[in-house]
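Dropping the structures in below, format is structure tokens.
Same chain, two partners: chain A is paired with chain B first, then with chain C.
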Partner chain A sequence: MEDKYVLKLNNLSVSYKVYEGLLKVIPGLDMTVMAGQRVGLIGEAGCGKTTVLKTVASILQCPPAVIKYDALEVCGKKAEGKAGVRNVRKTVSMIFQDPSTSLNPTLKISTQMSDILKSQFPGQKREDYQRRMLESLQAVAMPAPERVLDSYPVQLSGGMRQRVCIAMSLMKDSEFILADEPTTALDVTIEEQILDLLDRLVREKNKSLILVSHALGAVRKITERLFVMYAGNIVETGPTRELFASPRHPYTIGLLAATPKLTGEGIADGIEGDIPSYLHPPQGCRFADRCPRKTDLCLEKAPVLEPVEEKPGWYVACHHAEGKVRP
Partner chain B sequence: MSGESMITVKDLRKVFKTKFGDLVAVDNINFEIRRGEIFGLVGESGSGKSTIGSMIVGTYPPTSGSITFQDGRDISKSYKFRSQELKREIQLVFQDPGGSLNPRKTIRQILSVPLQLFSDKHLSKSELDERLEKALLKVDLPTEYLDKYPRAIGGGEKQLVCIARALAADPSFIVLDEPTSALDVSIQAKITNKLIELQKENGISYLFITHNLCLVRNMCHRLAIMYLGNICEFAETAEFFERPLHPYTQMLLASIPVVSDEEEKLKPQKIHSVGEIPSPLNKPSGCSFHPRCPYKMDICAEKVPEMREITPGHFACCHML
Partner chain C sequence: MQNTFVMLVKRAVHFILVLMLLSFLIFSFIRLIPGDPVRLSLGVMAPEETVQRMRHELYFDRPLVVQYFHWLQGVVTKGDFGQSLYTHHAVSQDIATYLPRSLELAFYAAILILIFGVLVGTVSALFKNTWIDNVIRFLSYLGVVTPPYVIALFLLILFAYTLKWFPIGGVPSIPEEIVKTGMPGLDALLAGNWALYGKVLKSLVLPTLSISLGSIAYQARIHRSSMIENINADYIAFARVAGVSSTRLVMKHMMKPSFIPTFTIYGLQVAALLGNAFLIEVIFRYPGFSQYSLNVILNKDPYSIVAVTFVFGVIFAVVNLLIDLGVSWLDPRIRLKASE
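Right, the complex of A and B next:
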């Protein structure tokens, strides 16, 4: 693989200013995505997945968010200063969770799609725009694209709306797609179609993808590298399938055990407790309170990502993980 | 498990009048839930699974057909025409725990309602307190929670309060309408296990409405798959997952995103998801699944297939079988 980054994020910290004080959501996070890589980001509700994604796309509202990083580079563009941020916003495409609220209900699909084209490729003929819109709708296997262009979002089903959103994100011709739970609002049979579509499009055009989801199966299906987040930290990262087969971090282990399986051997008990308050996050490991392997060390010192033995590219942030390279 | 029946549903049909015409939400539904059984009702959105649950608890009466409870009491009428006894026996847990608890009442006030309403005598304060504590202990919540407001507790705990509220009436049958789909997996596991445990302890029956087949696999004894207002397959859980018969259920199984290779092997390989569920306002003719079916024949568009017993206890309705 060529050594080209589409995303380089160093030492990101994000806090939100609220009435009660400062929510320290992300204390310090590094993330890199190579060109052509499909990356999954999983974790439960409220663990900061969307915050990371919005930071990468430079669309997080500040205030209330307070963002600090040493470096944020997206597709070779540095997000520094207002111009830099605008450049980053133009480079990435984002697909949101809820296709019914991410489209404007008062405008026809054609208006919303051509707005993107007009800003990305200004000064072209109307017919060219029309042709491009039809092409991108055909690329997402949309039945009757002409009719769809002439409809309002309410006239389309959830699956079709999500196809429109994907088509819109493809029109920008960006190398880097950020998908924030694109299938959570959809039924399983439609979910499969949308995931297959996303997978095919990303592979065909050799784009990079970050797929954020709490559906472990969806991430396993189309990504090759996985980041597991818990309470604003990346606790484990590695090749997706191998990681699913033998997770090392107690949180990942618990999460996978709690997922009901088709094989039907019953469900493990889940993980006791809740994500800690971001107002006063624990000083040590943020998972310690819910962890079966907790010791005094965990309460004192926050673990950092360390490589796993004989597994290149596999890192885990736990004092007691198995097979970790001991310093 | 005893073969005694808890709920028997016969030829159930519900039509909603809308300004676009009649919407047949469910049609020709027949099944029986036995005592002490967890019965799964699975389908995608718009398949009518919640409509059936609502008719059993009496939110609205069926248009035609009958629902009988235990020894033949007819309960195909709406809530306000039901006896106090019947209201106590059938309880409901909703999908969204946040929306089904009054935000301005404490857990104590919320749980007091079913306790007082369904008690045969007036409860003194100390008796009530004792029962309240018992109700919370049943779902493993500490008694300090009694004076908290719903907003002060987590989503999973809210759902436990909802379950405690349903159990407080001492029911023999609970309709669970997607009780865990708004929750995270780690919490979902806890709630599901608690539900199974409570069911075994108290010998109650559940109607478990969900779209999550993996959950059904681990929880239900028997299940029915719904598509566009009809039941298309009906079997014991283990048998069903070994040999899914109906093309729709095969498609459903094939679409589940799974987390391990062992599960991948269990999925039907040949079939892939195509098309979308049509609007119930204009259902396809004949078999309602035929526009999406990979095996469709000429007869499928003309004639509605009948439910037939393919192997003992395993029913499906498809012309191919």
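Right, the complex of A and C next:
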């Protein structure tokens, strides 16, 4: 089981056609997720996390997006040609950022849920569909599921809507779940409930997960492996706990330091500056502009992911990272 | 359900007040227009006493308010809208003759607009930016900018004059004994006379097409843009990846929210059909309500003008009510807000 991949993504590049030209958001990205693995994807807003997830789920609008990759394989299905892309879409589930826009405002919850069941498991009796819908709502700890089924999205709170979304995305038999900031649009009090719920469901059913979140504490708790993204590149990846304990890439160090701590003194420092323009991205390292360790080498040559010494599975893309194996 | 009922009652009260105000305004305007409608009706040669007698009978020698309430009393108690000075019939009788014909024409046009407007708009949206979409967009642009009477003349020359598929104009006369509703086609149907119904339909094809093509084009454009808005919506992407099949996604998840703007525009278009049909009715020599309304206005026929305005007012109010009911059915956000 352990050496089975659910996601294999080689040399992905995504650009967006806009009026001013081509936004080269993701220049070339590799990512693998093993079966049953829970993976975290972090990075500041606008660095391409959602783009990666939407590419994997094959729901990116093209145009404006222009997607290229050497290989995209999800749960053993290759995304080649239109049929391939459709097959890939069938194998993944995705939870969106904002539950207030990811449910159809004009249809009852029961209609939206039963349409998934009718499409996925056609030809069953109405009572069976009804029973399954109630079960899946109970599985996400939804109070009064009958009433929720009979409601429209506007009648539910944000937390309830996200529970419905999670329930809906677990309805089809997919082994692989993409959660795109599932709690960003919710109250902090609800955030933990939802993440706990997601964690429990994924563990119970032994599914694979990519969790994109700004709640770093939750990412640390839930995931085993971490990808850190900056401006369309994965700058560091490794086992979650160790990476949190001793980050190597200057961006990761800054990102983790920016988290306010209960024990700390006041508000933590951020990283000065902004993500570079995707219209004319820098030739060298995309982080160089904001990096405390910047040298001339960084401006000329973009670093690639290289293994960190004596740490299997830990890679960092920086010319000046500590403990890196020199080629 | 109770909320809908309360809304209906509120609307009805509102609506009666609007109609009263509307009719009063029309009354005042007619009095303000120079020229004496009675003299106009009787002719220059009529003796002064006859004119005076008729003015007295028609309450034209009384103050405006008295005349208005006399008329209103007749409307409310007897359904009597007064006498037409142009056709010399009771106005209500004229309306009963002319209105059903136009209603039938509008009915067929409304069906065409709904079916083809939505169909064409949907196809165009699903094939966005392909040659199919481009052809449809070009044609619908053409349809929107071409006035209906130009379309009518074109259709006449092509299908009636050259190809002789359809009659040039007019509508088959309906035998007196089977007239029930005044709608030529429906009367033929009710009498079970299929041959006559076929003839009526044949004579209605070109006028119906003439008044509906432009509206179909407009409707298609509206529906296309609201479909596209929904294709890009988060909830469509979510439903797609959650596993809803494409057919369900398009026919239900995209269609229902897209219908909200479509339906609003549709209602207004249908209401406007009756008023805008004037040139079409003239070109096809179809003795309908638009033609009648224009004639009474040109002849300054006071009671008919008020009645005609009244009828248009009722039609627009009813259509608006139906739009609101339809939209609140389509959009639970509106319905739930109204019930709070």
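By definition in this document, the second predicted complex is superposed on the first by the 321 of 327 C-alpha atoms of A that agree within 3 Å, B and C clash if a C-alpha of one lies under 4 Å from a C-alpha of the other, contacts with A are read in each partner's own complex, and residues count from 1 in each chain.
Just so we're on the same page, a contact is a pair of C-beta atoms (placed from the backbone, for glycine too) under 8 Å apart; a residue touches a chain by one contact, two chains touch by 3 or more.
Quick caveat: nothing in here was measured; it's all calculated off a predicted structure.
Visitor: In the superposition on chain A, see if there is space for chain B and chain C together, and answer fit or clash.
Guide: Taken together on chain A, chain C would fit alongside chain B, as the superposition shows.
Visitor: Looking at A:Gln155, would you say it contacts chain B, chain C, both, or neither? Reply first, second, both or neither.
Guide: So A:Gln155 only meets chain C here.
Visitor: Looking at A:Met171, would you say it contacts chain B, chain C, both, or neither? Reply first, second, both or neither.
Guide: A:Met171 sits against chain C, while chain B stays out of touch.
Visitor: Once the shared chain is lined up, is A:Ile271 touching chain B (first), chain C (second), both, or neither of them?
Guide: The answer is first: A:Ile271 touches chain B but not chain C.
Visitor: Figure out whether A:Met34 sits in contact with chain B (first) or chain C (second), or with both, or with neither.
Guide: neither
Visitor: Touch check for A:Val66: first (chain B), second (chain C), both, or neither?
Guide: So A:Val66 meets neither chain B nor chain C here.
Visitor: To the nearest 10 degrees, what angle do the lines from the C-alpha centre of chain A to those of chain B and chain C enclose?
Guide: 80
Visitor: Of the partners chain B and chain C, which touch A:Ala57 in the superposed model: first, second, both, neither?
Guide: So A:Ala57 only meets chain C here.
Visitor: Go through the superposed model and pick first if A:Gly217 touches only chain B, second if only chain C, both, or neither.
Guide: A:Gly217: touches chain B, not chain C.
Visitor: Return first, second, both or neither, reflecting whether A:Leu299 touches chain B, chain C, both chains, or no partner chain.
Guide: It touches nothing on chain B or chain C.
Visitor: Once both complexes sit on top of each other, what is the least C-alpha distance from chain B to chain C, rounded to whole angstrom?
Guide: 6 Å.
Visitor: Any idea which chain A residues touch chain B in the complex?
Guide: That would be residues 44-45, 157, 159-160, 187-193, 195, 214-218, 220-221, 244-245, 254-272, 274 of chain A.
Visitor: Which positions of chain C touch chain A when the two form their complex?
Guide: The touching residues are 232-245, 248, 252-253, 256-257, 260, 330-333, 336.
Visitor: In their shared complex, at which residues does chain B touch chain A?
Guide: 44-45, 154, 184-190, 192-193, 211-215, 217-219, 237-238, 241, 251-263, 266-267, 272-274, 276-277
Visitor: Considering the complex alone, what residue numbers of chain A touch chain C?
Guide: Those residues of chain A that touch chain C are 54, 57, 59, 61, 89-90, 92-94, 96, 98, 101-108, 111-112, 115-116, 118-120, 152, 154-155, 165, 168-169, 171-172.
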